[in-house]
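Inspection log for the structure reproduced underneath, given as structure tokens.
Chain naming follows the written order as A, B and C, and within any one chain the residues start at number 1.
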Amino acid sequence: MKTLLEVKGVSVINKDKYRIKNITFSIKEGERIALLGKSGAGKSSLLSVSNGSLPPSEGSVKWKGESLKSISRKQSTKIATLWQDLRIIEELNVAQNVNSGALGRNNFFWGLRNLIGIIEKSECINCLSAAGLPHELIASQISNLSGGQKQRVAIARLLRQEAELVFADEPLSSLDPLIAKDILMLFLARSENNIISIPQTYLISIHQPELIKHFTRVIGLKNGEIVINKYTNELNSYEIDSLYR
Amino acid sequence: MRFKTLNPIAFTFIPTLAILPVAIQFFKGMHLGGVQIIYEFLISSLTPSLNTLVVQSAWEGIQITIAIALLSWIVSILVGIFLGIISSDILWLTIGKHIWIGKAFRRILAIPRALHEVVWGLLLLQVLGLTPWVAIISLVIPYSSLTSRVIANQLDTVDRKNLIALRQTGASAISSLATTMSPVLFPFVISYGGYRLECAIRGATILGVFGLGGIGTELQLSLRSLQFHEMWTSLWMLAIVMLVLEKSLDWGRRSIFAIEGYTSIFLYMPFLVSVIIVISFTWLHYLDINLFESLRFHSIYWPSLQDLYSAFTGLPIVKLIITTCLLTLLSGGIAIGLPPLLLLITNNAIAKEILSLFWLFLRLIPPPLAALIFILFTTPSISVAALALGFHNMGVMGRILKENLDMRSDYLYNAINSTGASNNISWLYGKLSLESKKYLAFASYRIDVVLRETAVIGVVGGMGLGWQLQESLSSFYWAEVVVITTLFIILTLIGESISDKARRYWQKNTSDFSLKPSL
Amino acid sequence: MKRKVFLKLFNLITFLLISHLLINNKTVFASEFLTISAIPDQKPEKLNRLYNLLCDELSEKLGTEVVYKPVTNYPASVSGFRTGDLDLVWFGGLTGVQARIQKPGSKVIAQRDIDAKFHSIFIANTNSKITSIKTLSDLNSLKGKRFTFGSESSTSGRLMPQYFLQKAGIKLTDFKGKVTGFSGSHDATLALVQSGSFEVGVLNEQVWLSSIQKGKVDFSKTKAIWRSPAYADYHWLAQPNLDNRFGNGFTEKLTKTIIGLTKESPRQRKILDLFGAEKFISANENDYNSIEDIARKLGKLK
């Protein structure tokens, strides 16, 4: 299997303190990795470094063998992120937010048209329905949606991006458990028959160790360092417990 | 440091301290010799001159004022938005990391802001002669640069998370900026732009300087000759226009924001803008003001270095600067500190309505007229000038504060009120505290305006740079004019960098951006 | 759907307005017209009446369209004259000299009968206990008082009084608080001295006399303490190029028309009344030489 992302000896230092220290791991095509750790263990820093939004203080991150810093815009469209705070634009409507996932593939004027009205409606609807939202919501303002619906809009935008690799930062933390599971399943469901292409590779940080059975591999962080990096089936519950101790 | 423990809400009240020395000086010199004339001024408000000639020329005057104001306003907003965008940090940070370009633009744009419209007008007049364009350009110059500062600051305070998220998906810098910034910028421009229109109308009262007529001509002439009945004809007309404008803008803003997905109104903006431009051109055409006349350029005299040096050494620079700073601080203190205090002590709706009418009245009275009224009560001193400038600008600050507070929801106020706290305290914590940072940002812009308005308050005599500038202009002593305008620019730059630092400090307090993400 | 209709409507309005403007644009360039103006020291109603009448009178007599442009700022009217936007301006002594220096060759056309020997009046608030001034050196009794001029560009309200004060050995910093006030106008000076805010002030004799006539002066509060020596003040100043633009002999014709205004014709009588004059008399730039010297000495001319 092809290696998509390679993280080598990465540290993030802020105010003379290590947020993460000497992290090395890689992500292969098709892997579904769960990122576990207590709050403050460095999960967010690790994700930000991996998706390129935070330059590492030390070490290197490579996307398909090329330094993440210097990859083309076209390549960065292949990496998508579902942010913990969603980062959807409250002032815009659902379609505009979903389409903003495709800005990387389109030019500036397309971006302007998107601000003015609803464009590429059918593509939007496909993404919305893949994310489990009814198409009637396409013109709704974000501010009128519930928390779960907003999360699904963020996912729809992510699907619209047509990425290969997805990072997600605690996508379930703010949801009630039942919906959380629903969303995770939607996310991890490998539906073959879909009209839109669904990313196949994930690195998701989660708070619920009981969900790791849906993942192929687990990376555990403690005090900014990797303490677990194993396939799910090689893992025992004692190791996971030690993360939270 | 002690300073660090003070939060913005405290800073909204600290400026009121300026009222103390001003009041002491005012009351020390107070006398009743001017009662008769003040009485005449007030009673004349009930009997404005209805002489046909007066009403007719006031009516024509107000039309010219509105038409010119409309044109200058729309141009200054457009130019201001453009300049604001290119002088924001976020633009340069996103497209190429050369933040210094935005910074440099911001510093350069302080130059147009440093000088009063009248001063720009008199300078441009030397080059272009008496054409309507001089009036329009001299309004547009300071206004667009003020707008650009407000817009740049607004852009730079928008949460950058969404922008980072879009950049991360591979969207180009310009697309992601447009997508994340315009939904924030657009409603801001609608409310701020509306408020600027009133400023433009008040500013257009200077048109008389350029022989364009307008309501300002009537006002200035009747002020000089103390013809209160005629003055009130113009003041009432201006008051009605301002009131109608305020109410209709308020209505317009509410109905735009009530539209679901108002960003789609983007589409109409170019049309709206062109319609406004065409309307004002047509209107001016009917008022016999021809904007199509070709511009002629006149040679101007450039002072030599030698002249500049002797002008510099001939002026009591230190004294001028100290007086100007003192005057600016005192007036600024009154303008910034009093509105929250007055709103705090008036805690019912009717009183607040009366207060906002009072503020309208203060905005209506030009600072020189206010100074004349105050000085009739007391002996001349810096306090008179400070009161006149302070009260006029308080009208502006009060309006901004009240409007922004009215747009806030009541939930926090109600929550605090329900714990048994008094109305005043609930208002303080549940309303003002949310608004104080924004208010202080506006206050820092207002200080610029106060500084440049010191140039039009001469009645107290011999006060500061502003008066000296008038004196040098009326002596056509260009070397001195250059020296004083340079001092104005330096003071503006210093003032702005202080207020920028303060704002950055308050922002840091709320959103701790300890990690610097790459855009 | 609705949006499209809106757009079309907008387009239509814009198109109509622009085309209307283009078709209807009057050609203002076709004929030359004479622009007259005045320094702003009258009440607006009077200015409007006066200059409407004067425009009509001059148009009729000269056979050219005459337009009045009110300029509300002294330096602006001087600059407007320099740039050639104002053809004929009613200037004060100082502003006239300033304009003539900036536009060499300009012609002093006429002055009022009262302008050849104009005076300033020093007035004092009665509470100030200032006694009448007999000789120039008596002006020293004003030291330490609160003192105000009128407008900074005024000849009778500032320039000449400052000159007489200086002759008596008084500097502007010798007054109370080391500053002098600038009330902005003759009327304001009177009001401020009457109120007591300033103890002494100085204004144009014409304004003083007409204020007395209108009963605006309260002699229990204000009194005149000194009438300054005479000097030449207001005058009409014309552009040097009027003959080129309006035909040979135009300037002379203009001068004759102004000087020829008499109280016999009703309209001319009104004009003269509004100017506060019996008649206009011819004037010469040499009449203003001393003003020029004084202005240079006091830094109002560079």
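To be clear about the criterion, a residue touches a chain if its C-beta (ideal position, glycine included) is under 8 Å from a C-beta of that chain, and two chains touch if they have at least 3 such contacts.
What you see is a predicted model, and the numbers here were worked out from it, not measured in a lab.
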Chains linked by the largest number of contacting C-beta pairs: B-C
Centrality ranking, top chain (CA atoms only): B
Distance-maximising chain from subunit B - centres being C-alpha averages: A
Chain centre separation in whole Å, for subunit B relative to subunit A (CA means): 46
Euclidean distance of C-alpha centroids - subunit B vs subunit C, Å: 31
For subunit A paired with subunit C, centre-to-centre distance based on mean C-alpha positions, whole Å: 76
Residues within subunit B bordering two or more other chains: 264, 267
Residues of subunit C touching at least two other chains: 3
Junction residues of subunit A - those touching two or more other chains: 117
Complex contact set, residues of subunit B against subunit A: 161-162, 164-172, 174-176, 178-180, 182-184, 187, 260-261, 263-264, 266-267, 514-515, 517-518
Residue ranges of subunit A touching subunit B (in the complex, touch as defined): 12, 14-15, 19, 45, 48, 51-55, 73-81, 83, 85, 87-93, 96, 100-101, 103-108, 110-112, 114-117, 139, 141, 161, 163
Touching residues on subunit C, where the partner in the complex is subunit B: 3, 6-7, 10-11, 13-14, 17-18, 20-21, 24-26, 28-29, 37, 40-45, 47-49, 69-76, 78-80, 82-86, 98, 102, 125, 146, 148-149, 151-153, 172, 177-185, 187-188, 191-192, 194-198, 221, 299-302
Subunit B residues touching subunit C - in the complex, by the definition given at the top: 31, 33-34, 36-37, 49, 51, 53-54, 57, 118, 121-122, 125-126, 128-131, 208-211, 213, 216-218, 220-227, 230, 264, 267-268, 271-272, 274-275, 278-279, 281-282, 285, 290, 292-293, 296, 298, 368, 372, 375-381, 458-463, 467, 470-471, 473-478
